[in-house]
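Read through the structures below before going on.
Consider the two complexes below, in which subunit A is the common component and subunit B and subunit C are the respective partners.
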Partner chain A sequence: MNAAPWLATLTALSRHRGVLGTLLVSERDGLAVESMVQIGVNAETVAALAASLHRKARLASAAAGYGGVHFVRLDAERGHVLAAGRDDLLFVVISESRANTGLLRVELIRAAAGLA
Partner chain B sequence: MKAAVDAWVEEPLLRFVRDARVRLALVLEASGRVLAQHGFTRSVDVMSACALAAAIQASSAELGRQLDGAPFGSLHHDGSDRQLFLGAITTPGGLHLLLAVFDDATSIGLVRLYFGELRGRLAAAAPARVASDAVTPALDEHFERDLDLNLARLFGRL
Partner chain C sequence: MSEEIRRLSDVLVRDPASRAFVPLADALRRAGDLATAERIAVRGLERHPYDADAHDTLARIHADRGDLDRAADEWSMALRLDPRLTSAQKGLGFIDYRRGMLESAERWLGAAAEHDDDPSIARALATISRARATVNGANGHRDEGAPRPPVDTDTVTGSVTDVAAVNVAAPSPVAIPVVASPPAVPDAPSVAPVGAGAQARQLFAPLMGNEALTALLLDSDGLVLAGAYVDGDGRDIAEEVGAELAGVSDEAARSMRHLGLGAWTSLQVEADAAIVAMTPAPHGALLLVAAARETPVGLVRVILGRALAVAREWLARFA
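Right, the complex of A and B next:
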C-alpha cells in the first residue's frame, strides 16, 4: 500500500463533523506515520498515547481469551478517541462529542481492513 | 541502593521511569559523571554506560554540527529485544544526558513524550552553575575522584 491511499483515508475521516484529527500510527513505535490534525492538537502526543491504549486493549483482550481487537473507542468528557488497525498500523480519530461515532466506526474498520 | 547522587534529579527521574516504563535509566553530566540511575545492579555497568553515553553524545553532537549546523537533539537505537534512547537536557547547571533502555512494554513515542516532561522538570529543578571567567577544562580537575564518589554513593558503599 503506498502513501496515497492513507492520505485519502485520513482526508475522508477528517471531513466528518466534529473530527479534530486523524492519524496513521505505528502501534509498536507510538509514532505517527501520517497525520491531519487541527491547530492545537499535538499529533505526537496523541499518536504515542493512542498506540499505547490500543496495545493495552489488544493485550487485555488476548489475556481474556477474546482474540484480536477490531476497534477501540474511548468516551471522554468532551470527546472521543477511536482506533482501528491491522498488524502494526492503526488509524486513530480524535473527535468532539458531537461527532457521529457510529459512522466513524464503520469507516475506521473498513479503512483498517485495507491496511496490508 | 540510592537512585540519585543529587536530590534534585531523583524525583523527576523516578517519575519518568514510572510513566515511560523504561527498564534502565541514567542521568549524567555531559562529561560522563553519573547523577542518578534506575535499574542497574552493578556500579561497573553504570560506569561503562555513562562513558559510552557521553562518547555517543559527543560524536552525534559533532556530527549534527557538521551536517546540520547544530547538535542532534536525541538518538534512538532499535535493537532486537531492547531499544535505547539518548537525549540531551539543557539545564541552568549545564548539559545533562538521559540514557534509557526499554523493551516492548513501552514505545519510543511514549519515551519521547515523557522525556519532554523530564527535560522541563530537570531544567526547573537544576541548580545554576557558578559563573566563572576562567577557561573551563573539558574535564573537571577532580573528575575521576568525583566519578568514584558518585558511584559509591549510588551503590551504598558510602
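Right, the complex of A and C next:
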C-alpha cells in the first residue's frame, strides 16, 4: 500500500485544534507505522498504549457479544486518546482537552473506512 | 541518601536516556521512598516503554504499596515483553496466591521454576500444594471455584517483593483463611442491607426511559454491585458482561499513567451492536452504560453522567 494517503490523513488530523499527535499504528505489535507528533510526545509510547487499549476493547466487545469495534475514545483530565481502525491498522489521535473531539471522531471513522 | 542511590542519580542526570532509572527506582523502593521510586520508574518508562525490567520494577513498587491490581498489570506487561522473566512469573504467582487462586499461583510458580532453580520456588510450590489440599478438604471441591480468601496482609508474612525476589516467605497453609462469605473488596462496599438486592438491580431504571439502554455498577473485580443487563431471552447476563468489560478500564488507567494526561475520566467504545461507555466511580468501582448501536453517542454520554450521580449517592449510603 502506498504510504502517501496515510500521510495526507495524518497531516489533516494533526491540523485540528489541540491535537498533539496523529499516528497510524499496527494493533498487533503496537508499533507506529507512521506518526506526526509534537515535540515531547513519545510516539512509541502512544502507539503501544493505544494499540493495547484498542485490542483489549476489541476482545472484550467480541466476548460480550457486541461484535467488532469501530471507534474508541478515552477521556482524561487533560486530554483525549481517540482510535479508529480496520483489521490490524489504527488511526490514533492524542489531543489536549480543548480539541473538538466530535469532529475528530467523524474524520477518524472516515479515515479508518479508507484503510480497506 | 545511600551511596548507591547517589551514584545512580548522577548517572541519570548525566544521561537522562540511560537505563540507570531501573536500578535507581529499585534502590529507592528498597529504601522505602516509594513515591520517588514510582516517579523515576514512570518517567523512565516514557523513554523505554518496552523495557521488561522497568515494568518489573514498577510492579514491585506497586506491590510494596499493597496495590496488587497495578502490580499484576505491570508484571503482565513485563511478561508480554519478556515471556521468560521469572521475577514477573513469581510476582503474579504470589498475587494469585494472595487472591486465593491457588491453581493459577501454582502454574505461575511452576513456570518460573522451569527457568530458575532457586530452591525457594520449590518451597513455595510445596506450600501452595499443601494449601490447596487444605482448601479442597475444607470445601469438598477444587479451589478455583472456592470462595477467595480476603486480601489481608496480616495473613501473609513477607512482602510480594520478597517473593518476587525469591525470598519466598510463603505463609503456612493454616494462614490461608477459608471463608464462606463473598470476597472482600478493599475500599468498596461489600455489605448491603438484606432485601437491597432488588433495589440495587433497579437502581438505574428511572434513567433509562424507553431507550435501549442499560447501566451496571461494577466493583474493582468486575462483580456487579448494582444494575441489570437482560438479554433478548430475558436472562440477566450482567455478571458476564461486567467481567468482560471491566478489564478495559484497567487498560485505560494504565494508559493514562504513561501518557501524562491525568486520570482517565471516561471511555467510550463503539462496536457493531452497541455503544459502551464507562467511567470510574467512587471506591474503585466502575460504572458502565451500554446502548443499542443506533442510540446517539451524545445521549449515551449524558446518561453516563446522570448514572454516575446516582451511583455516587447510592455508594455513599453503603460505604
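Simple rule for what comes next: the second predicted complex is superposed on the first by the 115 of 116 C-alpha atoms of A that agree within 3 Å, B and C clash if a C-alpha of one lies under 4 Å from a C-alpha of the other, contacts with A are read in each partner's own complex, and residues count from 1 in each chain.
In this section, a residue touches a chain if its C-beta (ideal position, glycine included) is under 8 Å from a C-beta of that chain, and two chains touch if they have at least 3 such contacts.
Since we're looking at a predicted model, the values are computed, not measured.
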Query - When subunit B and subunit C are modelled together on subunit A, clash or fit - result: clash
Report task. Please work out whether A:G79 is in contact with subunit B alone, subunit C alone, both, or neither, and reply first, second, both or neither. Result -> second
Requested in this report: Pick one for A:A48: touches subunit B only (first), subunit C only (second), both, or neither.
Outcome: both
Requested in this report: Based on the superposed arrangement, let me know which partner A:K56 touches: subunit B (first), subunit C (second), both, or neither?
Outcome: second
Requested in this report: Would you check which partner chain A:G68 touches, where first means subunit B only, second means subunit C only, and both and neither mean what they say?
Outcome: second
Requested in this report: Please work out whether A:L89 is in contact with subunit B alone, subunit C alone, both, or neither, and reply first, second, both or neither.
Outcome: neither
Query raised in the report: Of the two partner chains, subunit B (first) and subunit C (second), which one does A:V33 touch, if any: first, second, both, or neither?
Result: neither
Requested in this report: Of the two partners subunit B and subunit C, indicate the one touching more residues belonging to subunit A.
Outcome: C
Query raised in the report: Of the stretches 9-17, 45-53 or 261-269, which one in subunit C hits subunit B?
Result: 45-53
Query raised in the report: Common interface residues of subunit A with subunit B and subunit C?
Result: 44-45, 48-49, 52
Query raised in the report: Can you list the subunit A residues touching subunit C in their complex?
Result: 42, 44-46, 48-50, 52-53, 56-57, 60-61, 63-81, 94, 105
Report summary line: Per the touch rule above, subunit B residues touching subunit A in the complex are 104, 106-110, 112-113
Report summary line: The subunit A residues in contact with subunit B across the complex are 27-31, 44-45, 47-49, 51-52, 55
Report task. Would you pull the subunit C residues touching subunit A in the complex into a rising list? Result -> 45-47, 49-50, 240-241, 244-245, 247-248, 251-252, 254-256, 258-274, 276, 290, 297
